[in-house]
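Next come two complexes, and both contain chain A; in the first it sits with chain B, in the second with chain C.
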Partner chain A sequence: MIIKLLKQPQAIIGFLFITGLLVFSFYWPSLLDVDKTESLKLQDFLYDDEGRIIDAPPYSPSQVPPLGSDMFGKHIFYQAIDGAKYTILIALGIALFRILFSVGITLLNPRSSFSFLNDIVQATLYLPTAILAYILMNSLIMKQSMEPMSTIKLIMLQCLILIGVGVPPLISTFSREIRAILNKDYITNTFALGSKKVYVYHKHVLPELSTKLVLLFAQQVVQTLILMAHLGVLAIFIGGSAIVVLGDIFSPMPVAIPLAGEWAGIIGMNFAKIKAAPWAILTPLTFFALLIFALNLIIQGIQNCLETHKS
Partner chain B sequence: MDQHILQIKNLRVSFNKSKQKTTAVNDVSLQIEVGQTVALIGESGSGKSITSLSVLQLLPSNGQVEKGSITFNGKELLKMPEKEMLEIRGNEISMIFQDAIASLNPSMKVGVQITEGLKYHKLVPKEELKTEALQLLEQVGFKNPAQVYNQYPDQLSGGMKQRILIAMAISCKPKLLIADEPTTALDVTIQRQVLDLIDYYKTDLNASVLLITHDFGVVAEYADWVYVMLGGHIVESADVYTIFKNPVHPYTKALIGSIPNPENGQERLKSIQDYTFEDTSYNGKKFAPATYTYDSSSFDAPSSLVEVEPMHYVRFYDVERKVVAIG
Partner chain C sequence: MNFSLGSYLKRLRSIIIGILIISILPALLFGTNTQVEQNVWEYSIKNLKYPLFPDVFEKYQYSMTIFFAALFTGLAVALILTFLTTLLPRFLQRVTYGLLTFLESLPDLFIVVVLQFTVIYIYQSTGVLVANISNVYNNPIYLLPILTLSILPAIQLFKIALLLMKDEQHKPYVTVGRAMGLSRFYITIVHVFRNILTSLVQYYKTIFVFMLSNLFIVEYVFNLNGIMNVLLNTKGVAFMVTALMIAIPFSLLFEIAESNTIKLNKQEEEEAA
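The block that comes next holds the complex of A and B.
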């Protein structure tokens, strides 16, 4: 499988892009030879050479190259680069746990069609997961504002929600896949030789499922990223947020500032200023799009492998 | 009659298909004596595979045995706990499956697959599994066992795969071998090799064979006793000479009429599907079913096997019983 994947150029490109982005995200200060705190500091005003204030944030890309700043004067580009690692790792982790939980639950009763669950999944197919996650996340944040909890605990609970909303559809996918494998003739043949169930699962079902698992994992990463982006727009950030009031007394404007630096947070924080500083949203959105594109290249590669495997 | 190795009595199997129940096998009784080859012959969908899967208790998950009994060496299999059943499968009864391509795991070396049965039943120590596999491969006619051992099913031809399946099935030296259309996909010369292999195994170990087929030519050559199956029912049964000399049921006659004849190859293409029975009764009794049919609906009226001559059974409608039921 892995060897075959190496023969799929688009999968390699996708993989290299993601790895490259991760490495860059961890080491960008030394790679770009800039100071991290300096690059990410708030910049209240822009001064000209003689020390006169020439502008207030948000700054356009031409004022603060390469990609402008947000309404606090923080470089969007550096934020996006620095946030890549959180974004990617959170999405990978959530996707991984979604897969683990759903495989585990399915294997508890592999012959079951989980029909009650299928009905629920069918019914919620057209309800965007983002809304469900939003409702759950929002109540969590309400609770947190009343009795503050540690950031770690908050992140854990938020991740659990993001994992949980993805599990039911996956269970129905897996139970379908596993039942399809169990109905194959060679499984019956193995049983006819007197094998125990445990052996059949260990030797035949799981290996057969594993290629499919890799594919589903990559798809889940994409779905998680999309979900995070949606939640970001709805101003729900992983790691919680602080509310800062901007504007003046006549038109106060509360803005939620994400505490962790992932991309969805950048989008959400700048959403209110979409007209004044579109670059502040377009940049993280473009990064999201590129990352999803890279993942889709990998998914395409895996699918090609699965198809050649079949013939 | 104690030497019956397998005895099936009034078996009925049904399936739940999208909340509807369909009967796939009904009132099937069948027995196999030690050392015998018994043929179960019938068209596609008549219930042959389902009958044999019932013996091993490996019905698809939506199927269940509703009625009847299956005894192996006097032990009732239908009530046997799963743990004992594990001991019987592969070890005492084994099955050569219909579709050789689908019956091998495409991503596992054939050598490893062959020894799975031996491994489950712990018949040989782990270190000797490979030697045993090589011997089995040789036994089923491979001249280069060491090479085949390391190959994947895709690298083998249809006939080779079928022989691999035989090797798997005989690895634990079972007393009953169920061969489900072992030669359907193979060309004529390879068919012979495969059937001869099964026959040789049977004679060698004084085992018994349930040979499932839809080819009366195969029956003539290898079987001692014949059961003709249609729409989930046995419609005629007798020893092989009687069946060929004096077939009674029109369906049996049609099947015998469709034996491929090398001289006029065209003839066999006449499909049984279009066949309407010329005779509809025998000695005043009406054949069940009255016309050729795929499904079991033509058996809605009660019918049973009647002994038309000693040890020769044919299915007729129970007209009297029907009248009683209405009255």
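The block that comes next holds the complex of A and C.
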């Protein structure tokens, strides 16, 4: 299958774009020859050559090339590049665990129809996933404010919520697929010849599912990215947030800053100031769009492979 | 019309159980003390509490107006564009298809924000306010949310319709029509379009579910007082009631569509046999 995928130029372009972004995100200080702490520091004011203050944040793209700065004077471009690795890795991890959990749960008892999960799936059709994740995340943050927990634990719980939100629909997909495979004649024969369940799953069911699994994995990554962007707008940040007070003494303005630097956090942090600094929110959104486009290219490639496989 | 009440009630039961499970899930996982104490029939936005009834009906009506207006706009735009593309040369059709794949991968949030800025930009540079970009108290806006919400479904429907069109154009009846001396234009409008419409109905579920999720983002970004905003800010029983208000009519729609498409498929199979 991998060899076939290599013959799909679009899949290769998508894959190269994502790996390139990931590598660039890890090594950008040396590649661009800039100091990491220097380029990500807070810039209170902008000075001209003679040391006079000429502007306060947010700076426009013309003042601070290449893409302007946010409300705190941080470079949006460097932030977005630095956040790429967190965003991509979180999305990949969550999608992977969604697939693993749902396959695992389905294989525990492939013949059952999981009626209560089916109920949840039926209900979630009408509720946007972002709302579902929001009501859970909000309760988690409430709990955290009452009884503080460590950042690691918080991130784990948040990831578990993001994983859990996607699992029920996947289980119903997998149980349908696996039941169809188990009903095939050669599987019945294998069982009749006395092979163990584990052997059949390992040798027959999983290989037959594998291409489907890769396709679903890529689709799940896209869905996770969209969900993360939505949650970012709702000011739910993965890794929690710190409250910083901006504004003057007569009108204090508490602003939540995400601690992890992923794109959804950048969007959420700048969302309230959308009219003052449009570039601060359009940049991460464009990155999201490009990443999703690259993933869609890969998905298209896999689908082409499946079609040629069939014919 | 083909509809059985029994199977609908069965579906309704599983939806109600599902929503019940979801609404008690936060309390179950993180303890009841995380649920802010508020009156059962209230929802809170930015620490201000509002009564759920009878406000919710008005918001519901508003959201549904936007939803269905956007759906029909999207459908109309998609069909017109499909028709226009079939008139283009083959090479341009492939370019259109590639472009659609790109447009399809734009996140809904991106489109909402970009449209908002376009309107602001036009206002700043020419002084013409195309449409209001945000909801002001008691003055609901319609044009921009409907436009925004209709873009992505229009793109999806356009793509699906284009694919269906491609399949349809190689069917024998088109060849027969051509041989009878009917023009390509006439065949496309009268025969091919009718067949595409019935196939397009089968994608209702994807489109509807996708649009409900988009509706939420549109309402949030444009600050509309819609049903999704209420849903976001309610807890417990009120959440359940609001969710059911969305789920019951839509499930009825799905049930009707499903039973009729199944009937349609059976008919086709019988014809084929």
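FYI, the second predicted complex is superposed on the first by the 294 of 311 C-alpha atoms of A that agree within 3 Å, B and C clash if a C-alpha of one lies under 4 Å from a C-alpha of the other, contacts with A are read in each partner's own complex, and residues count from 1 in each chain.
Just so it is clear, a residue touches a chain if its C-beta (ideal position, glycine included) is under 8 Å from a C-beta of that chain, and two chains touch if they have at least 3 such contacts.
It should be emphasised that the depicted structure is a prediction, and the values quoted were computed from it without experimental measurement.
Number of chain A residues touched is higher for C, counting chain B against chain C.
Touch criterion not met for A:I152: it reaches neither chain B nor chain C. Residue contacts after overlaying the shared chain place A:L193 against chain B, while chain C stays out of touching range.
Residue contacts after overlaying the shared chain place A:A130 against chain C, while chain B stays out of touching range. Contacts of A:N183 after superposition: chain B is touched, whereas chain C is not reached.
In the superposition on chain A, A:I3 makes contact with neither chain B nor chain C. Contacts of A:L108 after superposition: neither chain B nor chain C is touched. Of the two partner chains, chain C is the only one touched by A:H230; chain B is not. Touching of chain A by both chain B and chain C, each in its own complex, is seen for no residue at all.
Touching chain A in their complex are the following residues of chain C: 11, 14-15, 17-19, 21-22, 25-27, 29-31, 33-36, 101-102, 104-110, 113-114, 116-117, 120, 205, 209, 212-213, 215-217, 220-221, 228, 231-232, 235, 239, 243, 246-247, 250-251, 254.
Across the complex, chain A meets chain C through its residues 115-116, 118-132, 134-136, 138-140, 142-143, 146, 222, 225-226, 229-230, 233-234, 267, 274-275, 278, 281-282, 285-286, 288-289, 292-293, 295-296, 300. Against chain A, in their complex, chain B makes its touches with residues 53, 56, 58, 60-61, 86-91, 94-95, 97-99, 102-105, 107-108, 116-117, 120-121, 165, 168-169, 171-172.
Of all residues in chain A, those touching chain B in their complex are 111, 179, 182-186, 188-196, 199, 203-204, 207-208.
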